[in-house]
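After this come two complexes, each holding subunit A, first together with subunit B and then together with subunit C.
And then the complex of A and B:
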């Protein structure tokens, strides 16, 4: 058993937790972040990649709209390399109420969301594949964002301020004595060891899993309702601007160009278990139909992957419990001192990736209130350092990098242009990582071949570099391919079928991956 | 050459069918295995890389200058089992790059083939002597960037049009109707012999041969990313070829230029005009045309014997027309002629690629297997359908390289006998 001590333990390594641990560390608290798996592995890694301009909420949720507009500008400043300034368009396709555009513009003016109507011809010039029948187009400041880069940036900043980050450390118990939080117990899965962190505060940022954390403290359930949404990535950017339907928010009304793909989203269905999120065939068809309305020919384009994420919404009595779309997107901090009589525990829910920094500010403020002190928040003022500098992301970035090193490096993942050096550098920094952990930072296997060619190379290089042995490499490879398949089954049509067949021949036929020698207990983390 | 032109081209890239074809790529690597350039130099990242892969990363300013190491041979598109238009994607990306960054003077000069012919012909002996002069060529390399050892055409003292005017009118009455003859720039000014032979063979077979005034097809401009100029050139040529008659076959001795009319101008320049599609549908390579006659039982086979082992190389841009290997089949109809097909992907020159200072060594390396095959098998002659490839092969091997039609001409007993070079 290992013992640690901290002012505050942050539970959950998604965007909220990452923002909170950075904020707490910057305010001078000793902070430890724990997560049951890797950073940004849950909701934060399973969205459409949109950094909201606020446009989406100008009519339905004005408070959120204003927050989004402000935070969009803040994140663009402090985390530029994670963000591509794509710009956004709200367009009325045939059948949409053109009058909604006026309510939209009025709402934008009232909420401080920059928006400007542009001629339809101008919109079609910018995005030639858009439906030629659109009747209105409003330009907004939407952008696309890499959730993983956002979180890793925040966490690295937190570490620089002395925070500790423990991934693959699920919480097993929260000790409460005399009405106060005393310690958090975790299990270090990689070393198979118990870790006890003595602390006065626990900030519960577990998103859709927040209720499980309060259960571990023995408190009454927190009403978090996972709202599931599915997303589908197309093989290339059919648009280079975020395209939204100019209608009251509904399913399948956003198309986001993020990195090399374009993502259509999303649905919103109430679920009970955030660990088991289905991707129903009917919803896939619904998304393809929605895409077709925005971009004629959408169904003929190649889909490469589908996924589902779950929103961490806190129940709001103003709407029916099964209507998750119209629950407040606004954040809510639950203070367990007033609710349950336990000091030192706060839970945060709601919000959205775009406002993660603001959510962190609120919950750390709330902690200060309970402690009876007010240390100022500085997270909006200080730029987060990135290896790439402080320029915004552009999609040509990796192509330029490979152009520069093409004569002295190899390419491991061809679809996403990941070089061998990129892979081995991170591998040596994170020797315990799974291929999926590396994927989230490097985009390994996220292109059209979905690991068909690069996953085997990556596993082989990990052995060559003496980071893993052959048995672990086999386990890592199997786990990686299994996880890729989860997102392939739902979209097996068109060109992706040929790819999966080829990939299957490579691994099942040539490598015979199903029958490779394995230890009694296969490595899965 | 402007931002606006680059934007217009990129919009086409984003918008048109070429980009959609990248969705068909399954990464199989067959194109990379077949690429003659990627096989000999690391400077070019290969067709899969610069085509379906890099294309997913292109938006805004061009960053991958190495796309210009593609020679435009088109082999990648030919071999792709999934239907990805790899070469077309590369050509468009290069055109965007050139539109953004400007085109070197050298690339503007070497693409002006008709101009070169017109300028050199009146002073042919002098021009040829200059291009043969080591000092002059070194100066040319330094100032303009054309490699001193690269093959250069030899201007013919009498251009084809002068010969057409001078020669006695054909005595035989046509029995098979008219054809339009497309000889290309080389046939007009440099390799007049091949064009003359073709005309005489067609007339011997009973065709009335219409030879309209004709300019350049624009292929060299297109390969150098000069899309505006290429478009103007091909449009003009289309009008010239359509002028003499409607609906009659257009027969070509300009191997690669025929491909420009048949598919490249449509697929790469994106031209959709009905005139081009009409000319494209009517255009036949001369060997293709004669083989079609043979298949119909209408080609006389009274060929005189030619006892010769003859290496034959099909140019990459003839292969990409999807017509099989008609020249080899045709030559095999001549008794005694033993045709050795090169099976080489490309001779390296790829139009103007191998002329360039920075690409000369690559082009020589690409052609090496072909040159070795020629050296091992030739008996003083090589056959090849495209002029620049003939110059490349002749220069590299020292073996006289001629158009296949010249053997058909000789076998029909129409006069000239092709003199072989000395067998080394």
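And then the complex of A and C:
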């Protein structure tokens, strides 16, 4: 057993937890972040990649719209390399009420969301694949954001301020005595060891899993309702600008160009278990139909992957419990002192990735209130250092990097232009990582071939670098392919069928991966 | 008007074209690409798993279930077809006994069963007590010597005996300053005797302990480099097929294509067949997307050997409809719903979908032949996922030989 001590334990390594641990550390608290798996593996890694301008909420949720507009500007300043300033358009396609545009513009003016109507011809010039029948187009400041880069940036900043980050450390118990939080117990899965962190505060940032954390503290249930949404990535950019339907928010109304792909989202279905989020065929069809309305021919484009994420909404009695889209997206901090009589435990729900920094500010403020002190929040003032510098992301940056090093380095993942050195550098920093953990930072295997060529290379390099042995490398490769499949089989149509057949020829056929010596137990982390 | 148009430039199409041309038929071979051989491992599989490892493939062919493509052929026809191919290409390119599987290391270190292999590979055939000196080339990212050796060392040979392996690396750019060549580029350099000698010396000096030196499958685009390397290295050498472009696969493709051309076949590559015209139930012409516009190719008989899902000959649209894309042939399933599921390692019935035929190899709808002068061969046939059971090459060769025989015999 290992013992640690901290002022505050942050539970959950998604965007909220990452923001909270950074904020707490910057205010001078000793902080430890724990997550049951890798960073940004839950909701933060399973969204459409949109950094909201606020436009989406100008009519339906004006408070959120204003927050999004402000935070969009803040994050673009402090985390530029995680953000591509694509710009956004709201367009009326045939059948949409063109009058909604007036309500939209009025809402934008009232909420402080920058928006400007542009001629349809100008919108079509910028995005030639758009439905030629659009009747209105409004320009906004939407951007695309890499949730993983956002989280890793915040966490690295927190570490620089002395915070500790423990991944693959699921919480097993929260000790409460005399009405106060005393300690958090975790299980270090990779060393199979119990870890006890003595602390006065626990900030529960577990998102859709927040109710499980309060259960571990023995508290009455916190009503978190996972709202599942599915997303589908096409293998290239059918648009270079975020394109939204100019309608009251509904399903399938956003198309986001992010990195080398474009992502259509999303649906919203109430679920009971955030660990088992299906990608129903009917919803895939619904997304393709929605894509077709924005971009004629969408169904003939190549889909490479699909995923489902879960919104961490806290039940709000003002709307019906099954209408998760219209619950407040505004964040809600639950103070368990007033609710349950337990000091030192706060739960945060709701919110969205765009406002993650602001959510963190609120919950750390709430902790200060309980402690009877107010240390000022500084997270909006200080740029987060990135290896890439402080320029905004551009989709071609890796092309430039590979042009520069093509004579002395190899490309391990051709689809995403990941070099061998990028891979080995991270591998040595994260020797316990799975290939999926590395993927989330490097985009290994996320392009059209979905790991067909690069996954085996990555496993081989990990052995050559003496980071793992052949048995674990084989297990990691099997795990990676199995996990890629989760997002592949629901969208197996068109050109991706060909690719998948080729990938099967390579792994099952040429490499005969199914007949490597079988492990006693499959590698799962 | 030709006697026969063959569609497809993979193992099945080349085999059918060669057989027919040798029998005196005028043949045009047309294909969208260059065929699938350069994507494959460059050996001839007959049957590797049922799903247990197969030691005697012809015996396993005799026992396949009735819906298997081999069921209508039988082991004798399969043996005859594969033996013909081996003898046609000669012992420079293919050796082995169709009745007995070899078990050759893969680039992950698995032991892959196959019936015929190139002479540059067979020294690695796994048997108890054998040890491998695996040697990687730093410039070639698709042969992870440490992983290969590690997996071989924890494997058991099919005869139940242990295997051993060591790993080592050579650092030898084929061209100065080239860090990331394809296997094909490297193989071209090894066709140069002076570079091959330097390579052999580097391998000899680097290789660890082991009975057989295991090298990446890039030992020359032309056959024969392996033998000379073995002499210089002083130990038996075996090359391991890599990911595409596969140099051993390319050797087979080059050799077959050269024979097809020499036999007088007119070859149109890079020319997709997009449709056909019929005369009654007979196929009259196929339409080819040629430079300058579509062009009709007329023939008495047609052999359709386009491959399966990997080539796009079989396709699934965004609503899940499965179709054969040129003739609209009936398939064993029309809807992909329920044919793929969440379990990666489980069978994927989608990839078993294909065309069913009569005993002559002609597509059928129910019991009825669709077009009496259209024969199919290779990966378009319905049957188990060929990559899992390692049967694609044997099915391609045997069904192509059948199609040619039926046309020669005037089956109607």
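Keep this in mind: the second predicted complex is superposed on the first by the 523 of 525 C-alpha atoms of A that agree within 3 Å, B and C clash if a C-alpha of one lies under 4 Å from a C-alpha of the other, contacts with A are read in each partner's own complex, and residues count from 1 in each chain.
In this text, a contact is a pair of C-beta atoms (placed from the backbone, for glycine too) under 8 Å apart; a residue touches a chain by one contact, two chains touch by 3 or more.
A quick note: this is a predicted structure, and the numbers were derived from the prediction, not measured.
When the two complexes are overlaid on their common chain A, residue A:502 makes contact with subunit B and with subunit C alike. By the document's definition of touching, of the two partners only subunit B reaches A:237; subunit C does not. Touch criterion met: A:415 reaches subunit B, while subunit C stays clear of it. Ranked by how many residues of subunit A each touches, subunit B and subunit C are led by C. Judged by the touch definition given at the top, the superposed model places A:449 against subunit B, while subunit C stays out of reach. With both structures placed on the common chain, the touch criterion links A:459 to subunit C but leaves subunit B unconnected. In the superposition on chain A, contact is made by A:407 with both subunit B and subunit C. Subunit A residues 300, 406-407, 411, 453, 494-495, 498, 502 lie at the interface with subunit B in one structure and with subunit C in the other. Within the complex, the subunit B residues that touch subunit A are 11, 14-15, 19-20, 22-28, 42-43, 45, 48-49, 53-61, 63-66, 82.
Remark: subunit A residues 281, 285, 288, 299-300, 303, 406-412, 420, 453, 456-457, 459-461, 463-464, 469-471, 473-474, 477, 481-482, 485-486, 489, 492-495, 497-498, 500-502, 504-506, 508-517 touch subunit C in the complex. Residues 125, 128-129, 235-237, 240, 260, 297, 300-302, 394-400, 402-403, 406-407, 411, 414-415, 417, 447-449, 452-453, 494-495, 498-499, 502 of subunit A are the ones touching subunit B in the complex. Remark: subunit C residues 39-41, 49, 53, 106-112, 136, 141-142, 144-151, 153-156, 177-180, 241, 243-244, 246, 308-312, 315-320, 336-337, 340-342, 344-345, 348, 350-351, 385-388, 390, 392 touch subunit A in the complex.
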